[in-house]
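After this come two complexes, each holding chain A, first together with chain B and then together with chain C.
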Partner chain A sequence: MKLSKEEIIDLLKQRGLEVNDLYPTQISVIVNKENLINHLVYLKSIGFDHLSFINAVDFIDEGEFELVYHVWSYTNKVHVLNKVRIDRNDPKIPTIVDLWEQAQFYEQEVHEFFGIVFEGNKDLSPLFLENWLDIPPLRKDFDTREFSIRLFDAKPNGGDR
Partner chain B sequence: MTSRWDVERFGIGPMATPRQADVLLVTGYVSLKTLKRIIRTYEQMPEPKWVLAFGSCTVNGGIYWDSYNTITNLAEYIPVDITVSGCMPRPEAVMDALQTLMKMIQSGEAGAYKKYKENYEYYKANQDRVLRKTYPILGEKLIQNEEAATSIE
Partner chain C sequence: MDAPSYMLTKIAEKDDLAVYELFFGPNHPGMHGNFGYVLEMIGTEIVKVRPNAGQLHRGFEKLMEQKLWVQNIALVPRICVVDPDPNEVAYCTAIEKIMGIEIPDRAKFIRTITLEMSRLTSFLMGMGALGAALGLYTPMYIMTADRDLILDLFEWLTGGRIYHIFNIPGGVRNDLPEGWVDRLNKVLDHLEKRLIEYDKILFENPIVHKRLKGLGYVSKEDAVRFGLTGPNLRASGNPYDVRVDDPYAAYAYLDVKVIIQEGGDALTRAVQVRIEFEETIKLIRQALKLMPEGEVRLNLGNLAMLKVPKGEAYAKVESSKGEFGYYVVSDGGMKPYRVAVRGPSLPAGLLLAQKHLPKMKIDDVAAWMGSLAICPPDIDK
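Then we have the complex of A and B:
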């Protein structure tokens, strides 16, 4: 059964969630950490069969990470951004690999670049970085320029080589 | 390097493996993972061999100079005979560089692979410094890092 975007917004509002209408085919939902799995299972049951991506945003001033689960429906033609805020000092969230298998790689990547632990995920080994010993590189408190200057002897504007 | 430019008229052609090649073209920015493979490829090539570094990124990092995963100067890790600057260089620039390299080989100027053997400790130390880090570059073990960096130099 095809649902329109307005019907989806109504359904989610009835479940007590804060919904924002962003674009003709895109909405965002704010979920809390405890409710996340329930919410994603519900979305999957109403036709949202495709998890496109998981990404993280570092809100360093607020001491929080925001995880965004991008979910798309081929029947409803609606893209839902599910936003979850978690504590930056204790970045843990339950895994969703059991729900969508492709989440394995997205969770590995987010773990590698932000240090967020997906509880229950059996393999959080690095995908891209080799022999990385510093803090995860996409956190806002990681100074990539200073790192490059120290390790690779980088010179601003190309130096005078 | 395709039929439009027809480099074979200058006696230049791609080879199937590094073991059959004379010149290694390093095109574009070099990440740490790529660097490891470039060194491996370079050391597999039989002598005499030459390296052509292509684009600004291999000379000083180009627009990726402050990236945490991109090296800034390829010549610190393997010996480079000739560089082509630009981002991106035109195919004509590559053909010109290869012809210049031929002239340099004729006149005996191009012999960086000999430099690699003579100064192997220097290159190896630079390679190990970035590929086999044993301590965080930023962070609480900072002082140890600076000591280690000076001892390598």
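Then we have the complex of A and C:
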């Protein structure tokens, strides 16, 4: 059964969620951490079968990470950005590997680059970086310049050359 | 993670047979670029596989937070070497969505034409590489030569052969030069004639059929469940295409034919690319016919001073390998607050590898990768 974007917005609002109508084929939904799995299961049941990817945004000034679960429906032709805010000092969120298997790698990636722990995911080993020694690099407080000067003993502005 | 071993390492014995660990990486002629699988083998049969990504990780997402909006256009095409244009268009479309601007119609058509040309170059590279993975080097040589004809056109139009840096927020950098369209038509005629040759040496070749038939089967449901996109999805019988489902550039004005096949194995995927190659040529002809006159870019002032209002957008493009997406967050400043990239190769390159490779012979790994068009740069980013 095909649902229009407006019908989906209504359905989600009935479930008590805050929905923003962004673009002709795109909406964003703000979800609680506790409600996330339930919400994604519901979305999957109304035809949202394609998990595009998962990414995180570091809102350092607000002390929060925002996780965005990108879900697309091949039947409804609507893209939903499911946004979950979690505390930056205790970044934990349940895993969704049981819903979409490829989430395993997206969760590994987000864990590696932001340090977010996906509870229930059995393998959060590093995927891309080898022997990484600093804080997760995509966090806003990671300073690439300071890091490379320290690691490679580089002189700022090329030293005395 | 332990450093990859470059030699055969005996790790166990099982039923009187030794289990070896083999690093199938850039040192192997069948590997596509800087990527690796650590394979556990008994004889030539794979027992277990561990993907070894990260050898091409360049930290694009971090780097883009430190550059101006327009500077990033020189960075993004490098995320996919063989099919660079979808990156530029997806990134620019996301910015345009946040800014709430609509680019001129002629710019939309020029974007469409360059995107489809980029698709042709990528398909030629992909089909050639698949041939080479099976030991058939002639198709690769012919296709690389034919790809060069399209690269010449790109050089004439943009100044760059591989990375074009042609799309900008608000349109494209310049209009088509005089005589360019005639030359493009001639190249398309040439490629259409060449298709007969491709069929003879590659797609009707008994070696190809024998090697690819039944290899790496993906069912219709699994293709959606695992997040496959593009030709891989359509070769498993799912009629989905971003160009039709969520049109961008000028695809809303064009009649894009979505072709599906039911096979789901490596041979079907190879043939799918061959069919879509032919369709792409037709699509460029269609776009050339319908292209209106007019402006090719909006005047947004000095682009180096561009400020994008606070907001967020996800823009996606159907690349030759599937859905390429850019999620852009702006805080209203001179630089992006966050750019996240969705590459099409991850589900196949990492997840499917763990499902398909065990029990496969080592000889088939390169062909399997070629058939799924796994492109490591967009996994690593």
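Criterion: the second predicted complex is superposed on the first by the 152 of 161 C-alpha atoms of A that agree within 3 Å, B and C clash if a C-alpha of one lies under 4 Å from a C-alpha of the other, contacts with A are read in each partner's own complex, and residues count from 1 in each chain.
Following the convention adopted for this analysis, contacts are C-beta pairs under 8 Å (C-beta built on N, C-alpha and C of every residue); 3 or more make two chains touch, one makes a residue touch a chain.
All values derive from a computational prediction rather than experimental measurement.
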item	value
Partner chain(s) touched by A:100 [first = chain B, second = chain C, both, neither]	second
Partner chain(s) touched by A:58 [first = chain B, second = chain C, both, neither]	second
Chain A residues touched - chain C or chain B, whichever exceeds	C
First (chain B), second (chain C), both or neither touched by A:154	first
Which of chain B and chain C A:133 touches, first, second, both or neither	first
First (chain B), second (chain C), both or neither touched by A:143	first
Contacts on chain A seen with chain B and repeated with chain C across the two complexes	128-130, 137, 142, 144
Touching residues on chain A, where the partner in the complex is chain C	22-23, 25-26, 28, 49-53, 55, 57-58, 68, 70, 74, 77, 79, 81, 100-102, 104-106, 113, 125-130, 137-138, 142, 144
Residues of chain B touching chain A in the complex	32-33, 36, 56, 59-61, 65-73, 76, 129-139, 145, 149
Residues on chain C engaged by chain A in the complex (per definition of touch)	1, 3, 53-54, 57, 59, 61-62, 66, 97, 224-227, 229, 238, 240, 245-246, 312-314, 316, 323, 325, 327, 329, 337-338, 340, 342, 346-347, 350-351, 380
Residues of chain A that touch chain B when the two form their complex	128-131, 133-135, 137, 142-156, 158-159, 161
